[in-house]
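What follows is a pair of complexes built around subunit A, which joins subunit B in one and subunit C in the other.
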Partner chain A sequence: MSEYLGEYKAVYKAKTACADILGKAQDGGIVTSMFAYALEAGIIDGAIVAGPGAEPYKPEPMIATTIEELLAARGTKYSISPNMSLIKEATRSYGLDKIGIVGTPCQIQAVRKAQLYPIGLRDVPDKIALAIGIFCMENFPYQGLYQMVEDHCATKIDNVKKMDIGKGKFTVYTERGATAEIPLKVTHKYEQPACHVCLDYVANMADISTGSVGTPDGWSTVFIRSKAGEAAFQKAVDAGWIVAESMDGVKPGLELVEKLAKTKIDNNRAYLEHRKHEGTLLKPLRSPYI
Partner chain B sequence: MSKVVEISPTTRHEGHSKLVLKVNDEGIIERGDWLSITPVRGVEKLAIGKTYEQVPKIASRVCGICPIAHTLAATEAMEASMGVEIPDDAYLLRIILQAANRLHSHALHDILALPDMYLPGTDSKINPFSPEEPVRSVAKRIQTLRMIGQTIGEIVGGEAVHPSNPRVGGMYKNITPRAKAKVLDLAKQALPLAREQMEFMIAVFENYGKRDWAEMCGREVAIPKDLGYHQQGYMATDPMYGSSSLDEHPTWDPARWLEVRPWDWYMGEEEITLEDEAYPVGGTTKAGTKAWPQMQACTGVPLYDGQPVEVGPRARMSIFKNYDRKGAIGLNIAREMEYMDSVYKMIEAADALNTSGSVVADVIPQGDGSIGWASNEAPRGADVHLAKVRNGKVEWFSMLVPTTWNFPTCSRALTGAPWELAEVIVRAYDPCVSCATHMIVLDEDNKLVAQKLLE
Partner chain C sequence: MGLLDKLKSLLFGKESVSEGKQDAKPGAKPADKIVEKPVEQPKAEVKAEAPAAQPAAGNVEPVEQKHIIQKPKEEKPVADKITVGHVHMSGCTGCLVSLADNYEGLLTILDKYADLVYCLTLADVRHIPEMDVALVEGSVCINDECSMEEILETRERAKIVVALGGCACYGNTTRFCRGGQQNQPQHEGFVPIGDLIKVDVYIPACAPTPQQIRNVCLMAYLLLKGNDEQKALATAYLTPLMNLAAAGTEACGCDLMTEVINQGLCMGCGSCAAACTVRAITMQYGKPQVERDLCIKCGACYAQCPRSFFSFDVCGQYESITELIGEVMKP
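Up next, the complex of A and B:
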């Protein structure tokens, strides 16, 4: 338990053992291989993931019920994918009984809130079998992301092979081998304003939360937070889908995760404080936490 | 010298209704009035000026027991007015939905009807909530059947109560192959349970029909052999699904329908002269109270060929399958006999469904104000909705729901029964009162403004 990292049972440095998945994965391919294993093992019968949308890097929520569909959704798309919008449909015309869902910390909060107060979500709460959260500093509306790539990075978004945020930089890799990098400072004005009231960096409410921060390239940091998450992760490791190692001695390690979490949460707490005095007609802006 | 007794409210059915009964010295009903006292919903007036997409959703909110029937009837009334033909796969999805609704509603009725009945071979009434066998496994079976009906409704209709998937022109979404497999699995699971349930319930009802007395108010009340018999006709439009004005051979005719005021039909003001504190629950209305059925009734009285008719399971069975049992027991048995059909229909329709087929009509005309009607065979009987749609807006909307038809018919069926058993007859109709409540328009002289349908 840590003030900034939430409650967790264990933390690992991990990556997928499956070459197919690692090929186009963002970091360690943890989300894809956890869902792929869970589908194989019957822990879930479908997963709500951010699939490819109509435009490049514009995610569209989709329900993957096969490993092929999961593979199509590999990799991070730094824009908004309203995965919760499918949670009810998954239990209806898709006929799922055990749903996996991946989401940013705010989306995982929505999952848990929906389970606590299932208004308009009859017969949904008991069908959520595995919620995987991803580390999230902030998110970009598609128009903002488009501008960052096309204008700041001077790259056609159709040609982008991978996008990455790390080490203080936003990096774009193209099909033709070129790399464009801009400092994160430039990207701040494109962030969603709503991200600045968020007090969760590592998806504290998820069964498993994962992200690249804290582990070397090609690996992911994985927090195991619930019994369901612990059981599923352990089985995936035992079945050889995932390689997991101790976080002891890993550089930069948990200190960096904690440092970034602290930065986000402290900044956003300050912004929440600021909102009390900001606003039109001397009226404070509403606190989202009351 | 006849006395007047009032049972208000009646219990173990949906909605709010009461019985005002004139009885002779032996306690036998000479004239019975069963009337709705549920306040008016006003759905038909709310519908005016709304889009044709909104009205079926609003109409389904009239009740939570058969919202599927109301959604389908209202959707198809819009389609009938606008002349929309829906794709086959959308029709199959609607049939599955319809059968799922019937399965869960009939199972629910069993729970409500059982406490009047006796365990065969004993003199003890059935408490469906008792933990003792054999009742406990019956209760579990009922709940499993309801779970299956509701889950299938949820998959196909998007929502177990108030389905979101049906739309004018078909359905919003087809289901996935996995969902189809789940529907088939659930229906197969229901098949043996429905058969056992049907056989158990028929045995229980037959046993009641053979009994000489039933215990009521702490005394033995003789059960007449003609409990709930009436001489009225039947009205049904289809054994399973329904009919509409778009059909080549419609099975309902609006020209034969007439609605009259309760004022002309029910008793005038009466003083209650008989009371019984032992009547469950809490006794009948106190003597000296006034009852005024013709003022208090919240329904119109619909007539078909100038007479009240019965709708519901027995009407369907009589018209389409030559069923001929009369009375309250005959009606209950007819309902049980519909269990198997609803499960088989689900399996057949799911088998025939193409999960990649289109479920929305290519062309949806916006309506020219002509009248269209659709009848849906709800669990309780024919639910006829009528609509006029012009340029996408609903100009006029009317709901002729099953229990509205059954109120006057059942009132006649009460004659000749001991008043203590009046509710047993009422419950045989599986009444669902809240949707049966209607606004009627009166002119200055308190006369019903004639509703000219076909101009």
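Up next, the complex of A and C:
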């Protein structure tokens, strides 16, 4: 238990053992291979993922019920995919009884609120079988991302093969081998405003949360948080879908994860405090937290 | 054998229908319990279908003895139950159906945690009695004297008043009423109950979900009958729903704009779009787009939004709370 990293049962350095998945995955391919294994093993019968949309790099939520569909959704999208919007539909026209869902920390919060306060989500709460959270510092609305790529990076978004954030840079790789990068601080103004009230970096309420921070390239850091997450992850490792190793001695390790989490959460706590505009505004800006 | 057991046997075991029939008379004795009518109706059906039921009466003897043993079994938990009533104002009974849609879960609730002391559809009680929790469905027609009296009586006689569903909380579809409907064309003024009386807890949405109603009933039970720890949990759980009740009686899809997006709080998760009963909300470029002509003003979208209210204390314990609910709902 850590103030910034939440409660977890275990943490691993892990990657997929499946070459097909690793090829186009963002880092260790954990989300895709966990869901692929869970589909095979019957732990879930479909997963809500960020699939390709009509415009390049504009993700649209989709319900994947086959491994082929999961593979089509590999890789990080730095824009918003409203995965929760399909949570009810998944149990209706798709008829899923055991749903997998991947999301940012705020989306996983939405999942847990939906389970405890299913105000408009009849018969949904007990059908969420596996919620995988991804580390998230902030997100970009599509138009902001578009401007970063097309304007700042001077790259046609249609030609982009992969985007990445790491080591203080936002990097764009094109199909023909060119690379463009800009300092991360240039991107700050395009961040989604609501990200600045978020008090969660590593998806503290997920069954399993994962991200690249803390482990070497090609690997992911994986937190196992709930009983459901523990059981599913253990089975995936035993079945040979995922390679998991101890985090002991791994560089940069949990220290970096904790440092980034602290940066995000402390900044955002300060912003929430600032929103009250004590003594200056007639009415404080609203805080969602009680 | 209690009336509940009779209901159970009617629902889950066909052969025991005649048991229930035999018991109809002794069962009438605890008149303060529940459900007279639904039991009698199937009884009539059985007679029509199986005229052989009468000769079978001889076999019922040993079964009768079983009931005698069962009787004290039911009386014990009754003592600890809370009393719940369903007050029907101007609504469509959909909220009550939603409560009933807990299926065997409803029987567990009535068995262990709550007595249904008032419910025009399910209990033969004419006037609003004293009760712990009043679940009020529907808005109040201010042109109807009886409704106006009954909503005040409800407040007087209930410890906790719960606005059940969109109409009671926010007016919902009754907001669009302009009178002229048969057979009461003069009934045109409808207001959410919170405009007339103090309401303690809101359960928005049209219809409210069976699981949300179940959770509130269980938490109300823990609040009134639980130990200190359980009371603390119930308070934490119910606080946001009490805050909604305190926040006002108007709701609309527009709340997503005014209270979430305008306030810089929307992160585009899509919960609102999933919660909307009438599919008035789509996600466009990561934000909700409300088709305002479709919105029925039920309040579900805003209440479901993780940025309308979010409690780390409650949601952080989702695993143990979910297990607790699963445990206490075991028949």
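Throughout what follows, the second predicted complex is superposed on the first by the 285 of 290 C-alpha atoms of A that agree within 3 Å, B and C clash if a C-alpha of one lies under 4 Å from a C-alpha of the other, contacts with A are read in each partner's own complex, and residues count from 1 in each chain.
We take it that a residue touches a chain if its C-beta (ideal position, glycine included) is under 8 Å from a C-beta of that chain, and two chains touch if they have at least 3 such contacts.
Since we're looking at a predicted model, the values are computed, not measured.
With both structures placed on the common chain, the touch criterion links A:56 to neither subunit B nor subunit C.
Using the contact criterion defined above for the overlaid structures, shared-chain residue A:123 touches subunit B and also reaches subunit C. When the two structures are aligned on the shared chain, A:226 is found in touch with subunit C, with no touch to subunit B. In the superposed model, A:45 lies in contact with subunit B only, and not with subunit C.
In the superposed model, A:93 makes contact with subunit B only, not with subunit C. In the overlay built on the shared chain, the residue A:65 is in contact with subunit B alone; subunit C does not reach it. When subunit B and subunit C are set side by side, the one touching more residues of subunit A is C. When the two complexes are laid over each other on chain A, subunit A has residues 89, 122-123 in contact with both subunit B and subunit C. For subunit A in complex with subunit B, the residues that touch the partner chain are 45-46, 65, 89, 91-97, 122-123. Put simply, subunit A touches subunit C in their complex at residues 58, 61, 79-80, 82-89, 103-104, 106-107, 109-110, 112-126, 139, 141-143, 192-199, 204-205, 226-227, 285-286, 288-290. Residues of subunit B touching subunit A in their complex: 151, 154-156, 158-161, 165, 173-176, 178-183.
Considering their complex, residues 98, 203-205, 207-212, 215, 237, 239-241, 243, 259, 263-271, 273-277, 283, 285-287, 298, 300-301, 303-304, 306-312, 314-316, 318-319, 321-322 of subunit C touch subunit A.
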